[in-house]
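Presented sequentially are two complexes of chain A, the first with chain B as partner and the second with chain C.
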Partner chain A sequence: MALLERSEWYDIARRTEWTPGYVSDDELYPEGHSGDYDIPGEAWSTYDEPYKISYREYVDIQRQKDAGAYSVKAALERMDLRSKVDPGWISTLKLHYGAVSVVEYNAGLMESRFVRWARSPGMRNMGTFGMLDEIRHAQLQLFFPHEYVPTDRQFDWAHSGMKSNNWGIIAGRHFFDDMMMTRDAVSTSILLNFAFETGFTNLQFIGLSSDAANAGDFSFSKLIQSIQSDEARHAQIGTPMLAMMIENGEKERAQRLVDVAFWRSWKLFTILTGIPMDYYIPLDKREGSFKEFMQEWIVTQFVNSLEDLGLAKPWYWDIFLADIDEHHHGQQLGTWSWRPTLWFSPAAGVGPDERDWLEEKYPGWNDTFGKCWDAIIENLKRGDIGRTVPGTLPIICNMSNIPIRRTTRWSTTGGSTTSARSPIAGSSSRTRSATPPTKRSLIACSPARSSPPTSAVCCSTWASACSATAVATPTTTSGCPPTSRVPTRRRRTDRWQHSHSR
Partner chain B sequence: MSVGSVGPVIQSGEVARAVVAAVEGDNAGRAVNVVDRGSYVRIEVEGECVITRASVERELGRPFKLHELEVNMPSFAGRIDTSTEMIRFYRGERHD
Partner chain C sequence: MTEELKPLRTWSHLVGQRRRPSEYEIVSVGLLWHARGETVPFEVEGASFMNDWVMRYRDNSAITHDDWDSFRDPDELVYRTYNILQDGQESYVDGLLDQYDNEGHDESLSGAWLDVLEALYTPGRYLVHTSQMASAYLVHMAPASTICNCAAFQTADALRWVSRIAYRTASLAKAHPDRSFGESERATWENAPAWQGYRELMERALVAYDWAEAFVALNLVAVPAISEGYYRAMALSARRNDDTLLALMAEAALRDGDRARRWSQALVGHMLDVESNRAQLQEWVDAWAPYGTSAIEAFAGELPDVPDRAAAGSEALRRAHSSAGLATSDG
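== the complex of A and B ==
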């Protein structure tokens, strides 16, 4: 018997749902779980998921994906990759697995909440696939690093990391708790599915796959692209939701959700992706700079999607663009300095050739961040290791939960300008030191335009690490670029010019 | 990548080569831009990009179900419409 094409039965099957008779609508979809947005009941039936798939199709392609990823791993594990590739790449793997693997199970829980609490049957249907996707991601990313555990226990952090109170892990856990575990279904679909999954995960799961392939780690390259192929589908859960919110007068709240998720994602990915791409990965294996991948995936692709749907760039856009040039360089100084606190061995990545590359990709690097590294290198050459390790813990932002650092740009703009530019006022003015996030901080986490932080807070931790270790004490202030400098389009490498029109 | 361009991002390999050729055939008259990033290729068409099952099958030389494209497609630019015979990437209002 011939099968009907999916399009011939999908809409009927998707719209099939019960009409509740024993409980009220409010009991079935309580606000806390389903959202308190002002969207009328009949509007929910208009939710039309754009990336349609049947369960039969889903099982077929997921089997193909798993067969591909596990086969590549099985074929290549005899390569003994760990002993052959650059240690910087191994650190990239450890950072990724420690920060990502178990979180995927949480993402499965998030999707399961769509299955139960989403008011639209189409969203519940896609949530079911998304839930299965995320369980697959967790299992893959626990299994792939396991082969390394017998010879390198740092890989055990793939499983144990998320249960620790390491400051870096807390930053990741706080982000995911806030973005995907503690909000209603509607908000979560915008925060996580739309802003995070159609935007930032592309950096780590596709951009980094190019570097992985260049480094010879085809298992990891295949793994993360396989994972992202699921994300490309279930990330579309948020797109029709966003359109519904705009159509029903909730545009302002939708924009705010995007603004919050974008800023939080950006800060997290400066460490997760920015540092490995520009410092850990061997120079000759780099496909492009972090900034170039940001330009491709976020500044262009994501913003195109955002504006196409009728929303605007986040209000702090200029600050964000400036941050692309600077923020992760400061985080690299900090994470390397606090290397005894990490579950991976961070590469400094600032040899002469690497510095030339950094200067080419980020003009002004040598005169700013490079001077901090000069001081560290001098201390190391003199055998004064103690002066390269800070004696205190990093000061942590109460919202992003990553160490507070100053950008060179901010440091030269003076007090008033510095304050006016800060996007995360309420949080930056409060700091913590390795204490778990409070419930309040989980909720009060959006970028706010008032109550700017003091410059003293902005100029604290990473810059202190630099000056504390310096013999000649070159501060970032003395070497920062002029305030009038704006982010400029960088000259690309040949690989990045390798496009052609046909 | 230009502001108005849409299209799939495909893992490098046999399917990517077939999809590039299929896109060129299915979007005649539109400039097709292909950006090679090593492990993936970004296929860009201004405004709208159509991929039909028939074209992909012709290029691959074997049967191909369009939902299988997901196996090799970790991302895409623009909005998406999926059916058994055609996938369409587009901007702005839908044209159903």
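== the complex of A and C ==
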């Protein structure tokens, strides 16, 4: 066909900026939506998306991708997944769909905000494709789990979950309200597209895809591979914006956005990805450990992309690196213990072989987290189920909305406890010391408020409450980076409602 | 531990429906967690701007309904059927472009008609892009996901035609390098009298922040005005000036406009479930229709060989309001 190449007309299609004549610029682009960044008007037109596609190409490619994904689903529809795969994998699916499907839809709304409020026409066009992508992801991830609803009520959470006041859902909803729904278009493209999508979604969509295939769930494997191929495109929306900010004197604010989004994303993914990878997925089906995926996709690749842009690692980097070894293990103890509050049936994943694997991947696991599980197992062996289900509530981080856990190795001095590394909220300092003498840290480390558990090596709010031998007073150290926004507390009493689907 | 509940045959919110839900209903209905009737849409302190905005312009809109989620797109489009539909439509347009390129179409156009294309066709990417932006506003401000979806596909349709206009602009520039195709459009959009009606309509529609007023301004006035003036009148004029390619492309764009009309009428019907909405809708139509009429008349009045199209376009706009169940405006 004698058609023009895309490159011959593409730039014309993104030269659509004009000077308003009948309304003011402030009305057309209010700061709250379009941002108040000190970037000159002409600079916006320099936005250059690295991943270019035309509408014509888009509908063709996406039609073919959908044909592939839906044909796999159709082919496997008669397979009784529940009888074919490990229950741990089923729990992984329920966690994933309950936390992701409807979020994807609202990510489409986020992309539509770029189309209306971004000052760069190229970003407006890319936002249009991103909006369509996210609608696709939502519809796929609603249609696929709907098939399971007639056999398992818990899959209803794929649709209904995000409107509930379940504690885990509140944490996720708060994250996405903060990072995705309520900030100006420029900030959102850094928070979500750059920090969240180029960094953390790889963990979920690439990491879990291999595990799904290994577990025999080819439908899900194909599904999330297909989704990831879209993410790779629209995740690029934030990168040129970040470069533009840095070029125009907004580097400090750009760095701050990355710092905030990275920390918040990390905390969320410890539960969403960390727990399934290291505990739910059957041992012989695991592609790698959560830590290994983190090191590949985040510590190496994401940091490379940060440094390529001239940004630094987040100021709490050392704390984060230590957290990779520990945080999700504490969350696993907690989520398993508070299992009546979940919309899925969590696997403990701590049989003898699994413990060997955990010890290999996380040296020291048996002497720390393993001791907490020993206590739980002893209670179970005695038939004392009641002692494995806490009667108290955990302390919730006021920012991340997930239970605070303290699985750092404690040093005990004179009856007081101090954390060797503890990110403290409330300061923007990038040279934070390990144990800053702030009011918050004094409270957290006060012996009057915190007693070390008998094991003296592992204390978490989660873990201590279910221990048969040691009940530690929760500490209150929160892992909040600066500038993050805390939730409105209107429905606090509802957040521990039990999942109705059990 | 609580009792294990029995499985359901479909999502819990669709269980009460007598028939088996369609794929459209399974994947499209009830997806806005921030429109579930809480005191504030977003549970984040420090988000006062966005909470205020959404509460003021969505939740406290003058147009009300107890059950926005019961709105259904009459075409019941889902993402995958949208792509199947539009991939076919784009193949058709590719076929047109290929065929007419092989026939030396652009080189055969008259100088007088090239003047028209420079003045009235290629600057249209600015117009269509404004409808892309305005449609996107409805995507994130509408109170139900089934409405958001319609607006999202409409946004994408607009990008489709921005792209095709850009394509044709590049083609014409290649065939006629001595002309200003690809260079003069912004100035024409901002200054030429023929465009100022559309420009005023669209700029004002873009700052109609109440979501329902934005819908009226865009879908009951601007989109029909674009269809009647920029596409339909242009198609007729093009055919009478031996530019069959443009006529066929404009008519292809009208098929997208027809889909917009269908869901717009359905949404007006949904709004009119609440009789008290009628007066406000009518007030907005009466306020916005004159901008649409002026836009059509200013634009179509400049097109050659279609002396009746300005009046016919304005009449079509009035008919659109009538068929949506609202009184015709004298505009």
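Keep in mind that, in the parts below, the second predicted complex is superposed on the first by the 413 of 502 C-alpha atoms of A that agree within 3 Å, B and C clash if a C-alpha of one lies under 4 Å from a C-alpha of the other, contacts with A are read in each partner's own complex, and residues count from 1 in each chain.
In the analysis below, contacts are C-beta pairs under 8 Å (C-beta built on N, C-alpha and C of every residue); 3 or more make two chains touch, one makes a residue touch a chain.
Bear in mind that the values here come from a model prediction, so they are computed numbers and not experimental data.
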Does chain B (first) or chain C (second) touch A:296, or do both, or does neither? first
So, A:105: does it touch chain B (first), chain C (second), both, or neither? second
So, A:239: does it touch chain B (first), chain C (second), both, or neither? first
So which one touches more of the residues on chain A, chain B or chain C? C
Applying the touch criterion given at the start, work out whether A:135 contacts chain B, chain C, both or neither, answering first, second, both or neither. second
Would you check which partner chain A:210 touches, where first means chain B only, second means chain C only, and both and neither mean what they say? first
Look at A:287 in the shared chain and tell me whether it touches chain B only, chain C only, both, or neither; answer first, second, both or neither. first
Regarding the shared-chain residue A:380, is it in contact with chain B (first), chain C (second), both, or neither? neither
Which of the two partners, first being chain B and second being chain C, lies in contact with A:60: first, second, both, or neither? both
Identify the residues of chain A that lie in both the chain B contact region and the chain C contact region. 60, 498-502
Going by the contact rule set out above, which residues of chain A touch chain B in the complex? 5-7, 50-53, 57, 60-61, 64-65, 68, 202, 205-207, 209-210, 212-214, 221, 225-226, 228-229, 231-233, 236, 239, 287-288, 296, 300-301, 304-305, 308, 495, 498-502
Would you mind writing out the residues of chain C in touch with chain A in their complex? 1-13, 23, 26-28, 30-34, 36, 38-40, 42-47, 49-51, 53, 78-80, 82-84, 86-87, 90, 93-94, 97-98, 101-102, 125-126, 129, 132-134, 136-137, 139-140, 145, 148-149, 151-152, 155-156, 159-160, 162-163, 165-167, 169-171, 174, 182, 185-186, 189-190, 196, 199-200, 203-204, 206-207
Using the touch definition up top, name the residues of chain A that touch chain C in the complex. 1-4, 8-10, 12-13, 15-23, 27-28, 32-33, 54-56, 59-60, 62-63, 66, 70, 102, 105-106, 108-110, 112-113, 115-116, 121, 124-125, 127-128, 131-132, 135-136, 138-139, 142-143, 146, 149-153, 156, 159-160, 162-163, 170, 173-174, 177-178, 181-183, 340, 389, 485-488, 490, 498-502
Complex contact set, residues of chain B against chain A: 1, 3-4, 9, 11, 24, 31-40, 42, 65, 67-68, 70-84, 91-92
